[in-house]
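Below you'll find the structures, each written out as structure tokens.
Shared between the two complexes below is chain A, which pairs with chain B and chain C, respectively.
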Partner chain A sequence: MFYRLSGVYQTNYAADRKLWKIPADRWQVIAVLVLALMAPLYVSPLYLGSYVLPWVIWSAAALSLTLLMGMAGQLHFGFAAVMAIGAYSSIHLVRAGIPFEIALILSGVVSAVIGTLFGGAALRVKGLYLVMATLAMQYLVDWVVVNVPWISGGAHATLRTPAVNFLVMPIDSLAARYWLALGWAVLITLFFLNVKRTSFGRALVAIRDKDFAAAVIGVDPFRTKLAAFFTSSFLGGVTGAILAFCYYRAVTPEQFGFNVSIQLVAMVLVGGLGSVIGSYLGAGFVLLAPIFLTNAISSLAAAGWVPVSQNFLSHLPLIIYGAMIIGFLLFEPLGLAKIYDNIRKYFLVWPFRHAKS
Partner chain B sequence: MSGDENVLVCDNVVRRFGGVVALKGVSVAVKRGEIFGLVGPNGSGKTTLVNSVTGFYPPQEGRITLNGTQINGLKPYKIAGMGVARTFQNVALFHGMSVLDNILMGRHIYMKPNPLASFFYPWWARKEEIAHREKVEEVIDLLQLAPARDEHVDVIPLGLQKRVELARALCAEPSLLVLDEPMAGMNQEEKEYMVRFILDAQEALGLTVLIIEHHMDVVTALCDRVLVLNNGQEIAQGPARETIANPQVVEAYIGKPRNAA
Partner chain C sequence: MQHDPIDLAAAEALHPNWKRDDHLLTRLAANAAQHPAEIAMRERDRGIWQEYSWSDYLTAVLEFAAGLEARGVKPGDIVLVIGDNRPNLYFAMLALAALRAIPSPAYPDAPTEELAAQMARENIRCAIAEDQEQVDKMMEARERHPDLRLVIYDDPRGLKGREPEGVAGFDDLRAEGAARLKAEPALAKDLIARPSVHDVAVLMHSSGTTGAPKGIPLKHGHVLSGVRNAAAAGYFQQGEVHMAYLPIGWVGDFIFSIGAALDLRFSVNIPESQETVMHDLREIAPTLYFCSPRAWSAMLTRVQVGMAETTGLKRKLYDYFMPRAMAAERAKLDGKPATSGGLSRWLGEVLVYGPLRDRLGLARVERAYTAGEAIGEDVFLWFRALGLNLRQFYGQTENCALAVAQKPEDISLTTVGRPFPGVEMKIDEHGEILLKGDNIFDGYFQNAKSTAETLVDGWLHTGDAGQIEPDGQLVVLGRVSEVVEKADGQRFIATYLENRLKFSPYIKDAAVIGKGRQILTAIICIDFQAVGQWAQEHGVPYTSYAELSQSPRIYDLIAGQIAEVNAHLPHGLSIDRFVNLHKEFDPDDGEVTRTRKLKRNVIDERYGPIIEALNAGAREIDFKAQITYENGQTGSLDRVLRLSDVKGAA
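Presenting the complex of A and B:
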């Protein structure tokens, strides 16, 4: 009823493969997009710069990672290293005088090449061993970035991003940085949705679900996995560059440490493997839940509602946050995306009970 | 049909697993347009022979040719690209996809997956997707899968899953279709349906089929010729009905009478 399915027919194959077949979904997407575009007008700069902007960028990062982890089923625990390569190469490329737009693409290519080299070596192994191999990448890249002054400027150095223009828009104001990040997130999202409905995406899922059956159908497992590593690392690299230019604006090695990789994996898992909306929800949850919990608990404590020691009080939000992650994954192992999907399906057929996928 | 032309020729194929010799020099020739049965008791090497053909267990000795080209030693995906499609004894569908997407996977050897094409979907990938979708819909019609098209494969019954797997294999327009126990775990009615679908598909598409099957009623109903294996060796080969009645074949399946009068 809320979605008005009556009269919605697809009469040719092109229409049947549309991204949003139900008008209500289409309106939702447009509404969210308009709200996101106008965010600088109605969100205070403090919230825009410290909540919304990182949320958008980390969602793009989670999308890049979930292409590899969710769709192709290849675990990657060194994705922050991929983003670091993108961030550092974009800064050095811009400093070398290359236009920002081209530097973005080139930094993606650099990440993709290095990421694929590691991926290619790591692909001789599967599952937990692949986790170990990608962890090795994380530590190697960390070490190289810290110890090669030519890249990072030294262990404790901070690299400032130069002032740039994107096409005609100077990336200086908060709104401009936000719009650039948003544009990139929208681009990745469209790409991801299109991958899902084409042969490339199907090959990735086939490799994930049953690699022997995929081979017998004519999918080259090794090449497909490499393509997944390449594409995912490319997107990750550009996202790293966007993160450096739009959010951090001054890059240090520890911004791309091991814990960041784990956080990315958490975003992907909590959001739901291989899901677009899940990447946004997962990134939002992992980034914003601790902040809101801390704020809520400190205001409760200020009102005298939480009679515990100051020491315990500082850990309480983390405890609740951890419990929430476990709770969500127990309640719905397929992540926040599945919870959203359940709610949507409920309203899709309301007041009746059973929805067809 | 172009006469007695052989599609698949296995010449003296030997496959060992450590000390076990699973195939002890098996030779077989499958002619274009026929349904060839592969029977034998459990552990006789039927599936190993099929896995040798599809490239999972390349034979250590012997030669396998498809339409005159040697294929032993090639990777499974290469052999698939040369026109061998198969189904599995335990259904091997992709559980993260709908029935339609699973069957579309069958067209993979004709498609050019490419992230850039996906990115520029309206200008690049869409045409290809729709062209192949039309092909897939023909097979869906043939196997009467239309009502299940949009379902997820893990929620449909086993009989239907096996039919989806057959559809996926048919979409590759194979020059050799290998069916590994397509009737395993089915009831009589589902078996009859499946036989009908295999015969329909063979007639409509002019297929050459190599089929492993345990149900003798199915074998005699379907197959033009059969090869009987026991302990990795051929014990009989020839027209289905006579070969199944061969005393040696009966002995391999149910043993020798203790005091044959």
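Presenting the complex of A and C:
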């Protein structure tokens, strides 16, 4: 009902490919952006630091991964390792006296190079075999990080991030860290939206749908797959650095374990493969749903509404959370993004049922 | 010169109000000089809108005019223009006006025989055709009318480089003209200065309901007077956004898309094709919208079908808010004090009316008009309830279609409003509507007899029966010639009854027959979309139009609709029997004109056996149907048609 398409017309094809052609979409994007920018002003530091900030960063991570999994169709079960490389590289680079801004880019490059090496496996294997190859990367990287003291400072060591400035802004206060993370998420989002409209993006989609068919129409699978791993790992590496500097501020190897990789895959799948809004929704769901469920159930239990044993109570949120994931994927296999899309279309064709009325 | 040479003194005596240099070309030149970059025209081409500024417009007109002249088009030549709405066809019509030649626009679906007859009548030697299809028709017509020497095409597809003899491209002529303009710098000014307000700007044609169409020459002055009268009444405003989708052979399109567009600087928007009109309409969202009552009704049917199959909440909202707004409009129509509607109106605007207007492409329409025939009460009220200021007007080709219109405040279903400033109106002793003004034409093309019958002392005899209400508003009853009597002496106007029938969503066309007969009978053409939807909802199986039309349950449905109409007719007047025809009336079969007016003599002749059987009270008839195939062959088909009483069946 608030989608109005009257008077929306294009006079050239470039304008016809605009990202948000419909005014209602445009003001929704602007409203969300303004709300996100102003968050430090109206969200309490506790919520900003422990919910909103990680949500933004993990969304950026999910976006990096969905470029590879959703667009290029290459499964990756070791993405936390990619982020770990970024996080550790950035800290060491900054400690070596390299400016933070350049360290961010270099840490991305390091991740990209290592990620692409492992991604090379994708040239020969697909599907579950590729999952195995990326799992190998996860464990190899984990092992190296833990066992090379020069990197992690030892198995149980914690590596503090040095104080840095981004351009002129000291990355110290919560708001500054939030804004930096938000800026990176917005940048990745814009990159992702635009990649979809380039020949590179279309090549990725062609590879995803059938790599030998793509080769027939002139897309080089070798270069495209490597480029996909390179781009995705670069973005993942920088996100890892942002995660270290803006959120954890003290890095240990456990923060980038196998379970984190699985969580990232869950974010991408629950959100909807290859979708921007899905990455945000998926990250939000995977990150925040357990917290909210735990809070809700413990307050219900405090009120005496849940007459189960204490032991069972602690597992109840996880049970419901798992049921929710299964439920969402049964209800809409294409993820939260598709649910959003259905809702949007419901209003887009208002008051009719479909567009052709 | 083929038409009467203009005697300036006599012309000025005839129209003392007109200024010699105030014609369409000077209006175009003025727009191009004062607003060169403003968009004058847009055409949707492969999904995007190509824009033409006023200076592009003038350049195209002048170049094409120079090219045409070099190819031998002389002042006074009549040039056929045929095709869908296209910028180049509009440019061509003005280029012809610059050369003092006369464009004679034709309907794009006119068959070759009609065109050949028109060419012979008007001694046409040059034609401008939209595309290959029209050029093919011209080639065929040329065999019967060899005087056709030059055919110019607009769309190069299938023609470029393969032109038959005597066929040239619009762009080639433009290029030749551009070269001429470059070589002769004074030519551009000269072309604009050549025409006079007393020149014929366009040769329109009567619809040919009875006999061959009559040529109706309209001069620059007629067109501009009509437009200015309408503008003075607030009927058009400066800078409207206008959608040019009605056929160029219809007078209204020339008046809206050229006359008013030049004088009031409209931006004229041309859809990609006839099939995409509704979609393109939404993209452009015009501020001025005209369509026939039939088209308004089709739009309403589309919405009703859409709402019937929409999801629960949306339908509930529609069912809640729409009747309320309709009731409010009905009260307004009945003269009760208007209520603002308060919160309910506001909510309805947000939830139903606004979105629907947006979906229909009418979101920005400030001036919505209909004319041509009576509009159904439900249709009229529905669109007004939607928040559109839908108004009726009345006019004919002879008066540039601009004579009488409703003001925003005097809205009524039965009247068509008051005459425009500058137009005089009276009703003569036979009840015929007479009009006088500067927008009234000066006589038919080479038809002194008809001219003498129609124009008496400057008064145009419209042939419509009407009466003027005490408040000065005009009521149009029907054609004077159509008032007929039943055997018992009761008078009726068949068109009036047919229009009442057509207000039903299930009836697309109807012919009421009763002249000199005991009872009134009707031939009904069902509306395939609406009745098909009804059949689906009520489990009536069908495969084709013919089968659906003969279903007994559909007969019951239609009988109910007719009974409703009968209930509102004067005593003694009722439609007693009817038949559902196995096909729709089709202009290609000659049953209706291109503007969908009934040709009664054809109906009487072709369906004579059915009419006799209806009157004789038969239950069914074995009818041999004449059909004409697309390739021109004719054949016949045996059909058993059911005949039904209105009363017993319902």
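We take it that the second predicted complex is superposed on the first by the 353 of 357 C-alpha atoms of A that agree within 3 Å, B and C clash if a C-alpha of one lies under 4 Å from a C-alpha of the other, contacts with A are read in each partner's own complex, and residues count from 1 in each chain.
In this text, a residue touches a chain if its C-beta (ideal position, glycine included) is under 8 Å from a C-beta of that chain, and two chains touch if they have at least 3 such contacts.
Just so we're clear, the structure is a prediction, and the values are computed from it rather than from any experiment.
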Following the overlay on chain A, give me a clash-or-fit verdict for chain B and chain C. fit
Of the partners chain B and chain C, which touch A:N194 in the superposed model: first, second, both, neither? first
Scan A:C246 for contacts with chain B and chain C and give back first, second, both or neither. neither
Partner chain in contact with A:K210 - chain B first, chain C second, else both or neither: first
For A:V8, is the partner it touches chain B (first), chain C (second), both, or none of the two (neither)? second
So in the superposed three-chain picture, is A:V268 touching just chain B, just chain C, both, or none of them (first/second/both/neither)? neither
Who does A:F352 touch here: chain B (first), chain C (second), both, or neither? second
Across chain A, the partner (chain B or chain C) reaching more residues is B
Could you look at A:A133 and tell me whether it touches chain B, chain C, both or neither (first, second, both, neither)? neither
Min C-alpha distance chain B to chain C after superposition on A, in Å, is 7
State which residues of chain A lie in both footprints, the one left by chain B and the one left by chain C. 13, 357
Residues of chain C that touch chain A when the two form their complex: 42, 44, 47-51, 282-285, 302-303, 305-307, 309-311, 314, 317-318, 350-352, 354-359, 361-364
Write out the stretch or stretches of chain A touching chain C in their complex. 1, 4-13, 15-16, 346, 350-353, 357
So, in the complex, the side of chain A touching chain B is made of residues 13-14, 17, 190-191, 194-195, 197-203, 205-206, 208-210, 212-221, 224, 227, 231, 274, 356-357
In their shared complex, at which residues does chain B touch chain A? 54, 56, 75-77, 80-81, 85-86, 88, 92-98, 101, 104-109, 111-115, 117-119, 121, 125-126, 128-130, 133-134, 137, 150-152, 168, 172
